[in-house]
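Some structures to go through are shown next.
Two complexes are shown next, each including subunit A; its partner changes from subunit B in the first to subunit C in the second.
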Partner chain A sequence: MTPAESPVAKTGADLRIPFGLALAGLACMAPLFLGNYPLHAIIIALIFLLPAHGLNLLLGYTGLLSLAQAAFFGIGAYASALLAVHFGTPFYLNFLAAGLVAGAIALPLGIPALRLRSTSFVMCTLGFVIIGQAIAKNWIGLTRGDMGLAAIPKPYFALGPASFTVSGTVGFYYLVLAIAALATLAVYLIVRSPAGRNMIAIRENETLAESVGIPTWHYKLIVFMISAVFAGLGGSLYAHYLTVVSPLTFQMYYSTTMLIIVLGGGAGTISGVIFGSLLFVGLTEALRVAPELRMIAYGFFLLGLVFWFPNGFAPLIGRFWSFLERRK
Partner chain B sequence: MLYTVIEQVVNGIVSGSVYAIVAVGMTMIFGVLRAINFAHGEYYMLGTFGAWFAIDYFDLPYPVAIVIGVVATALIAVVVGNFVMQRIVGAPAEAGVLATLGVALILQNTVILVFGGSYKFFSGGYIEPVTLFGFTLAEQRILIIIVGLIVFVGLELMVTYSRIGKAMRAVSQNIECCAVVGIDVRHIALWTFILGAGLAGLSGVLTAPVNVSVYGGMGELITFKTLPIIIMGGLGNVRGTFVAAMILGIAESLVATYVGLQFRDTVGFATLMLVLMWRPHGLFSAQARF
Partner chain C sequence: MSGLPILDISGLCKSYGAVRAVDGVDLHVDRGEICGLIGPNGSGKSTFFDCVTGLARPSAGAVKLDGQDITGWSLSDIARQGRMLRSFQKTVVFSALDIEENLVIAGQMFTFPGIWSTFGIGAAARNRVAALRERARELIKIAGLWDVRFQAAGKLSGGQQKLIQFASMLMPEPKLILLDEPMAGINPKLIERVVESIRLANASFGVSFLIIEHNIDVVTSLCRRVVVLDQGRKLAEGTPGEIVQNQAVREAYLGG
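Moving on, here comes the complex of A and B:
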């Protein structure tokens, strides 16, 4: 299709596709020109992209502010670590199991929580994180308490007789990149489906959505579970990458980070969340010099975000595209 | 046996009073600003640090340290109130969450940067034990209960009879109508915030002699304890918050004795979830604001 025929040509889509392809190509070649440390920062950013995608579905598309992502992130990390340490199962099994366990636990938690209104819902989801941490600390028989689980094997794949282990930063980078790309594709498909439009309808006006026949309760519950699955998958990657999990995986700080990624990048946009995770996680990982100064900078950044960019940075990208468009 | 139970209940009332003084400010701030203040525990920490600084660096007596701690907290609250809290009046809920999380990060880490992250020893306060009705209790704990009662009665009188208290109630009911009848909403919001932060600071100074250790991250725990209290008490409801704080304080000290100390900090959120399943709007209706 030539640009003249394309209905979206005016919004600059013809520029976006080559730009996106170039970015993808750059991502594939990143290990060639980046050192181990920047690569590590990008890996962490891509791991956090998964729970952030989940939160974006929940907050950006369905309009539910949840702080529970860290709880499901931790559940996924522990599920994956326990399987790997106790049964020596291959990575893909642990990875899928982590997502399934997180999603399954989200069902009984979501049913009472989603009955609550805004502020009470936020607090209830925060409670999941606090209680998750207490369980990880005190169920010593299973989790070894504060000592955590160490020596989680690096991801290894076994298909029949053939098996190989992903070790080293570069190998892990490609693994995470592939998974992040698949997750992004999954979110794209969900959002573009009729279900995605129903979610947006719930975000915009829940009563109205219900009156036109959208089963809002089921939608909210299922989206809550999907977001937990994404968080659990991210947790699994995190556990296998760092090779240790501890009760500190259940941290309010992680929920905050995911919230910042989504709101800072631009809730309700996919590119915004990718941009947000690279910017906030990648950058803070790269700036690990003085932890206090970093947190103070983070705090000021949050304030700036709230007061000057209430819609996140995604609109800026949009403005950049239209700027390019005008110059042509 | 019974003696231990009563002793733990009294201890629970002491920590309940501490939570109440912090939570009551937070719930009033919610009533006026419609924002959950995630930085509220940091003002508790600032009060403690102000008093610790006065005692440790200038050898001032404890009562003076109380005043310094509260005034320092209130001054910081003036700055935060002017630059942050006033601007989130009428903003969406996410803005309030993000902005107060940002403030919490800034305050907490600035204190750690200036004073170091290690635990400090708080040497002031009245820690002499006294015996009342056969129970031995530190003087400081009695002081905490008395101040808790004074704050409760004082706030009740203030919001019922004083001009600014009535204005606070009005703002918490309807912001637009307040603007119409000439109440300066931003002004009320600022003063409610300063009052709430000052009370949190006071609570911090009063608890310091009991807790003994002072450190930069102490505010976060208090924030997480007060959040379930204000939800259970019905957001914006002062009386409900007091009752919820007492319930949580007593429940915590009983759990710490009979179940295990490590479960103490989970009691708040566990109770909150049970309460919310049974009463989604908290124990007390938010209709009775203030």
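Moving on, here comes the complex of A and C:
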């Protein structure tokens, strides 16, 4: 079910390093050969990679389907925007605060929600998105309601007397790329830790996991909070990149997009989710040039995916590695 | 201390509405003993196990493990102590993972001091996992599963999965293991292997057992003492010889 654990993936590890380095090099040089519009599409894809990584930890590794990622994404976006607009705090503070606020809010939401059984849990997380949007719309004193918050400053860094502002697509691209790389490393370390093994055990069989002493409820709560932190960080980037946030940041469409990234890319694999976000978010951004056809094309694409690649693209990537392995 | 039974259960009851699945059962397992628990289907054996191991909450009664009252504790809290572990009637393994990973998972919570330490990525965490792997490999060899150790556990036969489950339970060096029908649905040759494994664990590692089993030959050969449940109550208790001769047991369970 999960190529990450299969022997094939184990033997392919030595090839992954040069390929990973090549891809990283390519990513670093992308602004040299890509125009501003494709670069913008990649930036959006990399921003969505963060909540998708969080959802992957929750769904792909722990087996919990949550639709709440958009809620935490929105919370992160608003937290960051409010700090920047009202207090003029530097970007890195807003960014970290967005993650912390989202994670902290996930605690009281997760405690009751995780007591629910599978389907009820999904419905409950869906409720969080709707409540989030209602608050953003109606707490006008704080959020300015439907008008949203505008003129969020572009990220700037202040270290002592020196400060500089990340403006322009290329600058933002490198900022987001660096953050996405760090986030990917963080997910990798979590998944590879003994806790990651316990998470997989919970996904595979919760009762059996309990019978070997794993406190499953605590793990689920911790992972729910970690996933919210990732979503909040993504929301912060989103706010600073678009420089506006509105109640539309809390929309179900974002939750389903994150779900499509994880399921389409390959739940329970890191490379699948990276691939998924580039494909599904990058592609929809790129398709904006043909707006009428965009959603139709996207719909057909998803149908094709379900029929031909029910486990997402990750098995395909796995097969690619073993193919290279045999050629060597 | 050593005179105390490892497991001491008194007056255990479990009701589901008006139905009394377990009705005031007293039972103890002595240190180093292999004790059998038999009875017809629906006699409350599995419910009894669930109440003892924390999967279900007993309605009344007390469960003492090693002198400590653990009545009403949760499954994972009891298991995390590493003293008493259980198997399930329907064999379960972590299907997508190979045997070694199955065993490492089964040992992790007994090696790491807390939840947060399991997120560790440093040398300390790596050394702990390496030690677990070492022990897992030993147990895999003993269980005779070495050749298939990299296969996904879910792809293996029912009998092999039983052996994985059994080896998993030995990871934390428990004092007591509760087995729920360990011989169900496995072929005679593997039955011998599982019986041998139980004997070995009992003799070499000093593990006590409480075993639910329908295969009366297995019960007779392994256990010195057998408890019979019927309709949630204790019907009889004694050596296998006494039980087989017991008129009430023959009528209720062994069939004339």
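Observations
The rule is short, and it goes like this: the second predicted complex is superposed on the first by the 314 of 328 C-alpha atoms of A that agree within 3 Å, B and C clash if a C-alpha of one lies under 4 Å from a C-alpha of the other, contacts with A are read in each partner's own complex, and residues count from 1 in each chain.
Everything below uses one rule, namely that contacts are C-beta pairs under 8 Å (C-beta built on N, C-alpha and C of every residue); 3 or more make two chains touch, one makes a residue touch a chain.
Quick caveat: nothing in here was measured; it's all calculated off a predicted structure.
In the superposed pair of complexes, A:Ile190 makes contact with subunit C only, with no contact to subunit B.
Taking subunit A as the reference chain, the count of touched residues is higher for B when subunit B and subunit C are set side by side. Contacts of A:Tyr298 after superposition: subunit B is touched, whereas subunit C is not reached. Applying the stated contact rule after C-alpha superposition, one finds that A:Ile130 touches subunit B and leaves subunit C untouched. Of the two partner chains placed around the shared chain by superposition, subunit C is the only one that A:Val212 touches, whereas subunit B remains out of contact. In the superposed model, A:Asn198 makes contact with subunit C only, not with subunit B.
With both structures placed on the common chain, the touch criterion links A:Pro153 to neither subunit B nor subunit C.
In the superposed model, A:Gly318 makes contact with neither subunit B nor subunit C. Touched by subunit B in one complex and by subunit C in the other is not one residue of subunit A. By the touch criterion given at the top, residues 30, 36, 84, 87-88, 91-95, 97-99, 101-106, 108-110, 112-113, 117, 220, 224, 227-228, 231, 235, 260, 262-263, 265-266, 269-270, 272-273, 276-277, 280-282 of subunit B touch subunit A in their complex. Across the complex, subunit A meets subunit C through its residues 1-2, 5-7, 189-190, 192-195, 197-198, 200-201, 204-205, 207-216, 218-219, 222.
Residues of subunit C touching subunit A in their complex: 53, 55, 74-77, 79-82, 85-86, 88, 92-98, 101, 104-110, 112, 115, 118-121, 125, 128-129, 150, 152, 168, 171-172.
On the subunit A side of its complex with subunit B, the touching residues are 59, 65, 112, 115-120, 122-124, 126-127, 130-131, 134, 137-138, 252, 256, 259-260, 263, 290-293, 295-296, 298-303, 305-307, 310.
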